[in-house]
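Letters A, B, C and D name the chains as they come in the text, with residue numbers starting at 1 for each one.
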Amino acid sequence: MIVVLEPGATESQVEHVIKILYEHGFDVHRSTGVRQTVLGAIGVRPDFDHRQIELIPGVAEVHRITDPYKLAARAFRREGSVFDIGGVKIGDKGVVVMAGPCAVESEEQINTIAARVAKSGARFLRGGAFKPRSSPYSFQGLGEEGLKFLRAAADAHQLKVVTEVMDRSQISLVEKYADVLQVGARNMQNFTFLKELGKASKPVLLKRGMAATIEEWLMSAEYILSGGNSQVILCERGIRTFETATRNTLDVSAIPVIKKKSHLPIIADPSHGIGIRDKVVPMARACIAAGADGVMIEVHHDPDHAKSDGAQSLYPDQFDVLMKEIHLIAQAIGRVIA
Amino acid sequence: MIVVLEPGATESQVEHVIKILYEHGFDVHRSTGVRQTVLGAIGVRPDFDHRQIELIPGVAEVHRITDPYKLAARAFRREGSVFDIGGVKIGDKGVVVMAGPCAVESEEQINTIAARVAKSGARFLRGGAFKPRSSPYSFQGLGEEGLKFLRAAADAHQLKVVTEVMDRSQISLVEKYADVLQVGARNMQNFTFLKELGKASKPVLLKRGMAATIEEWLMSAEYILSGGNSQVILCERGIRTFETATRNTLDVSAIPVIKKKSHLPIIADPSHGIGIRDKVVPMARACIAAGADGVMIEVHHDPDHAKSDGAQSLYPDQFDVLMKEIHLIAQAIGRVIA
Amino acid sequence: MIVVLEPGATESQVEHVIKILYEHGFDVHRSTGVRQTVLGAIGVRPDFDHRQIELIPGVAEVHRITDPYKLAARAFRREGSVFDIGGVKIGDKGVVVMAGPCAVESEEQINTIAARVAKSGARFLRGGAFKPRSSPYSFQGLGEEGLKFLRAAADAHQLKVVTEVMDRSQISLVEKYADVLQVGARNMQNFTFLKELGKASKPVLLKRGMAATIEEWLMSAEYILSGGNSQVILCERGIRTFETATRNTLDVSAIPVIKKKSHLPIIADPSHGIGIRDKVVPMARACIAAGADGVMIEVHHDPDHAKSDGAQSLYPDQFDVLMKEIHLIAQAIGRVIA
Amino acid sequence: MIVVLEPGATESQVEHVIKILYEHGFDVHRSTGVRQTVLGAIGVRPDFDHRQIELIPGVAEVHRITDPYKLAARAFRREGSVFDIGGVKIGDKGVVVMAGPCAVESEEQINTIAARVAKSGARFLRGGAFKPRSSPYSFQGLGEEGLKFLRAAADAHQLKVVTEVMDRSQISLVEKYADVLQVGARNMQNFTFLKELGKASKPVLLKRGMAATIEEWLMSAEYILSGGNSQVILCERGIRTFETATRNTLDVSAIPVIKKKSHLPIIADPSHGIGIRDKVVPMARACIAAGADGVMIEVHHDPDHAKSDGAQSLYPDQFDVLMKEIHLIAQAIGRVIA
C-alpha cells in the first residue's frame, strides 16, 4: 500500500499515519520529497481495507499494491496452464471449439446437433439442462434427463461435455455427466458456490460477470483455486455498457489482458455477448485473432423453433464456414485448431 | 410487439412476417403508411424472444410492448403497497430508517450499536452474520451465533431485524431470527434462490444488482412475487459506471422511476453505494429528498476497528445529526420519520 | 509516481528503472521490502506519461501521485470560492436557482417565463440562443436576436443571464449579453475553446461531459483557470450509464466529491440529466439535500408547444412548489435560498 | 412512432392522444387488442421529441421508428460506399493500413517513420500537427510546420496523409496538406464543426466519441453528409466502460453492426483504444478478422523518447510482423491488403 500525504500535511499528521500503519502490522518506508511525503506500507494482509487509511487527516491518496490474487496470477505459473481434459488440451497451441445449442430440448435435437458440430471440427458439446431465465414464465430446462441426453450425444460423436451448474446443490449431479462445469456470469460472485467448486473433481469454466472487472474475475478464479481445484478456464462473454445495438459489448481486449495477468486459459463466447446470429461469426473470428484459447458457439439445426436463444444460434452450415475461417486465422498467428 | 418493416420491404416479405407471427400465436394488426409498414402483434407470451422476428428478411426493427413484469407493476396496485412489519409500516407516509454495523462482530458490539441507533430514531437494526466477501481470505461472519446476538440486541431496544441471506439453504435459519430477509446485489439474478424466497414467510429486501437495469430489478421482484410472497422491498445501492471517485454511482433517480413503474416500496443504501463515510450523510439526505421510503445506514461505535467496511460506517454522533436533518427534509416534502 | 516492481524483479532490473527515472528528471526514493521493491519518483512533470515506465521489464504497476490539476484543487483555496455575479453570490451559504426555457423562442415567450421564475424566487434566467442539436434537421436557435430578448427579459425582472456559448468565435458576442457563459457537456474537452475561455471576462459555467470522470472535469476547469479566468462554476448534468429508464444518470454523489476535491462552486442541472418532467422535481430536491450550491431548472409556460425539450420543462406552478420545498431543504442543512 | 396505451386507458384518453398526434401532423393507425391499444403514428418529422407523447395521460410507452439518419443508412446505398483517395480505395475488398506516430515531432522523425511503414505496406501516413491534450501543460504539436513535414514525408514514400483538424478555423489550412481530415472523438458532436466539414473538399475520418452510441455516431456522419460531403469514413477507437485494465474498451462488435446499418467504410484504431503497446497487435488482428475496412496504427522508431503516447506506439519491427499476420487474416476471410 502506498500512502500519499497532502502537500500541506504537518509532521505530526505524518507521524500519526505511520503509527496507525504500524498498529495494523505494516512495515513503513518513508520518502520525503520537496512537495510531498509518500509512505510505502509493506505487509501481508491482502484483505486490508485501504479506505481506513484514506480517512486519516493529512492523507491525500492511498494505492493498493499487492495484487489481491496470487494463485491466478501469471507469476504463479509463468509458462501458462494447460489442462488435459480427456485428451483435449486447453491452453496449449491448439484452439478448442465448443459448440451446441443453448438448451438441450430432446434426445433427437441434441444428437442431431452433436453430429453436425463434431463433423465440422468441434471438440466439446455444449447445451444447458438447467436454464437461468430472467423471466419466471420461461422454459427452465430438462434437468437431469437433459444431462443424460447431452452425455450420450457427446459420447456418440467423440465430444467432451461442458454444461452449466447453477447452484451448490447441483454440483455432484452435474459432475456425473460433464467434463467441464460451467459457471454462469450471474454466479461469478456467488462466493459460497465458488468455494464448493474449489472442492469439485472437474475443471470449471468461469464466465465473466456482466459488470465484473478483470481483477474481480481473477479474484473469483482465486476462490476456486484456493479451494484446491487448480483447473479454471476463463470465459469472456460480454460486459454491460451504454451501447444498445448489441446485447452486451464483447470485451475482446480482455483476451490479451488476461494472457498478461494470468496463467489460466481464456476462451470467448460471442453468442451471448452479441445476441444476434449475423454478428456471431465475425466476433468469433476476432476472438481467435486476438489470441483466445478457444471459442464457445451456439449452433442449432432449427434455430427458428429453438426453445431458447434461437436468434443467436448459427445454422450448421454457417458454423462449418466459420470453422474453415478460424482454421486459417489460427495458422496466421502460429496456432492450430485442436 | 411492434414489427417495423424496412422502407423497401416487398408485399411478399410483409405477408411472410405476418404468417410467422400467426404461427407463434399472435393477433396481427397491419398499418401501411406511405413509406413503411408497421405490424402490431398482440399476444399473451411475455417470454417470446423478439430477436426471432428481427432476423426475418424485410424486418427493420422489433419493439417489445408488454412489460415483462405484471405483479410488480404500478398498474397492479395503483395506490402503492404498504407492509406492516411488526408495527413498523414501510411504503407509507413514514420514512423508515435502518441502521447498524456492516457485520455482527460480538454480542457487546451489536448491543452497543443497537442502543445508539435506537436512541437516534432508527426502527430497524441491520448487521450481517454471513458476509459475502470478494476475497477468500477475509472475515466471513459469525453465522448463527451472529443472528442470535442480532435478534437479542434488536429486542432489547425495540428494533426490527433486517439481515442478509446468502443462499437457498440459509432461508429457514435466517427466518427464525429476522423480520426482513435481505438479498444482496450479487444474488439479484440468482433465480433458483429467488424462487425459494417466493415461498418464504418473511418480507424480502431486494438489493439492485450492480449492473442491473431497473426493468431487470423489477423482473427479479416478479420472481419472488409470483412465488407467493407479496412483500418485496426494493433497495437501491449503486450501479457500476466509469466513475472511479466513488465505489459505485448511487442511482438516486431510480427512486422516482420506481415510484412511477411499481407499487413496491423503495429504500436506499448510500453506505455501500458511496463506500466512504464523509459522502454517506449528504447522499442519505438526497435519497430522502428524492422520495425514498427509507434509508439503510451503516453505523459503528468504533469504525476504526470494525472487522469490515469501517470506512463507510458513520460514528453514532454523525448518525444522530443525520436523523435530525432527514427529519426536516421529510417534513419539507410532506412526510415524517416513521 | 510510485513504481512497484514485480516480486521477482532482479537487482539489475531495479537499477535500470531507477536510471530511466533519473533521466526523466525524477528524484527517486527506494523502499525494499521482503517481497517487493517500491520506488517513489518525485518530480515536477504533471504531464509525464506513466505508461512509459509501465512497459519497462520488471515493473508491475505504476501509480501517478501528483494530481493533474492544481488551481482547481481544494488545497488551492481551502475555504471555497465565492463569486459575486452582479450581487448574486454563488458558492456561499445561499443556494442559487437558475431557471428558464431550453431555448429562447420569441421575445414574448422569454419575457413571460422570466416574469414567472423571478416571482418564484429564481435569480438567474437561462435559455439558449444557439442550440447544439444532435439532428441537423432540428431547430437551431434564434442567434443574436435570442440573446437580446434574453437580456431584456432578465433585466426587466432583475435576473442575471446564463446562456450557452458553442464555439470560440461566439465568445465575444455572448459576453455582451450574458453574465455567465455556459459551456455544454459536449464541449467539456474542446481544449482550444477552453483556452479562449481562460481569457474571457465573464464567469464560466462548465457542464460535465457525459462520459467524463470527475478528475477530467476538474482538469478542464484547470484549462480555463490557468488561462487567467478564475471564475469557474461546475455543473453536474448526468453521465451515461447502461440504465435506459432515464436519459442519463444524474451523478448526485459528484456534489460531495467535488466539495472535497475542489474549491469551485458546484450546481446541478436535473432537467437534462433526467429528461422527463415528472422526475425533475425530486431530483432537484435531492441535489440541494446533497449540498449543491445551486440548481438549473427548465421552466416553460407552454411546454407542449416548446420548440425543444418541452418534455423536460416544468410548468411554472410546479416550479413554484419546488421553490418552496427546496427552501425548507436548504434550511434543514443550514443553508438558505439566495 | 408507435404509441402504446396503458392497459386501462379510457376511450377518451385514446382519442385525446390521437387528436394530439394529428395536430403534430402524423397519420395515425389504430390497433385495438384485447388488453391494449396501440397507435402507429406515421409522419415526416425525424426530429419530433417523442417524450411529448410519453407524458400524455393514458400513454404507457412510445417507440420511435424512423431512423434519425437517412444518408448514412445502408438502405441509401445497399452495395456499400467505396472512396478512391488518390488511387487508394477504401471500403472495397482491400484492407487499408494507416500508420505513423502520434505527433509529428520533426522533419527527420516523420521521414524515418514514413520510410519504415511504407516499406511494411502501409498506404497512409498518420501524425498529428495539432494535439488536443487533456492537460494544458503538455506538448501541443508543431502546427503548420508539422503539416508540411508530414506531407513531404508522405510524398517521398508514396503515402497518403490523414491528420487531425481540431477546429472550424483550421479546415482550410489542413485541407492544403491532407488527403483525409481526421475528426477526433471529442469533436464527434461538435455540430457547428461538423456542418463546416460538410462543405470541405476532402474526405473525413470521423472517430467515434468515447460515450457515443452507434446511432449517435451515424447521426454525426449524417451532419457531414447532409452538408454535401459524401465521403465519410468511420473509425472505432474505444468506448468508456467500467473496466480500468485498458484505457478504453475497443468495441470490436461495432464493426459488424456498422456494416449492417450503414454503407460507410469503417476502420479501427486499436492504439488509442487500448493505450498500451503489447495489446495493440492482437487487437489490430481482431479488427481485421471482424471485417474492418482498415486499421490505423501508431508506429514510432524511438517510442521511449516520443513526445506523446510513446507507450502505445509499436516499434517498426512489430509493425512489420503485424502486417504479415493481417495479410493472412484478410485472406482467411476473402479479402486482401490494399
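By our rule, a contact is a pair of C-beta atoms (placed from the backbone, for glycine too) under 8 Å apart; a residue touches a chain by one contact, two chains touch by 3 or more.
All figures in this text were calculated on a predicted structure; none of them were measured in a lab.
A comparison of the B-C and A-C interfaces places the larger number of contacting C-beta pairs at B-C.
Farthest from chain A, judged by the mean position of CA atoms in each chain, is C. Separating the centre of chain B from that of chain C, both taken as means of CA atoms, is a distance of 30 Å.
Centroid to centroid, with C-alpha atoms defining each point, chain C and chain D lie 27 Å apart. We define each chain's centre as the mean of its Cα atoms; on that basis chain A and chain C are separated by 38 Å.
Taken residue by residue, chain A touches two or more other chains at 211, 240-242, 244, 278, whereas all remaining positions touch fewer. Within the complex, the chain B residues that touch chain D are 2, 4, 6-8, 27, 29, 31, 33-36, 38, 40, 42, 60-61, 63, 65, 67, 75, 240-242, 244. The touching residues of chain B, counted against chain C in their complex, run 211, 213-215, 239, 241-246, 249-257, 260-261, 273-274, 278-279, 282-283, 285-291, 325, 328-329, 331-333.
Residues of chain D touching chain C in their complex: 46-47, 49, 51-52, 54-55, 68, 132-139, 166-169, 186-187, 189-192, 194-195, 209-211, 216, 219-220, 222-223, 226-227, 240, 275-278, 304, 308-312.
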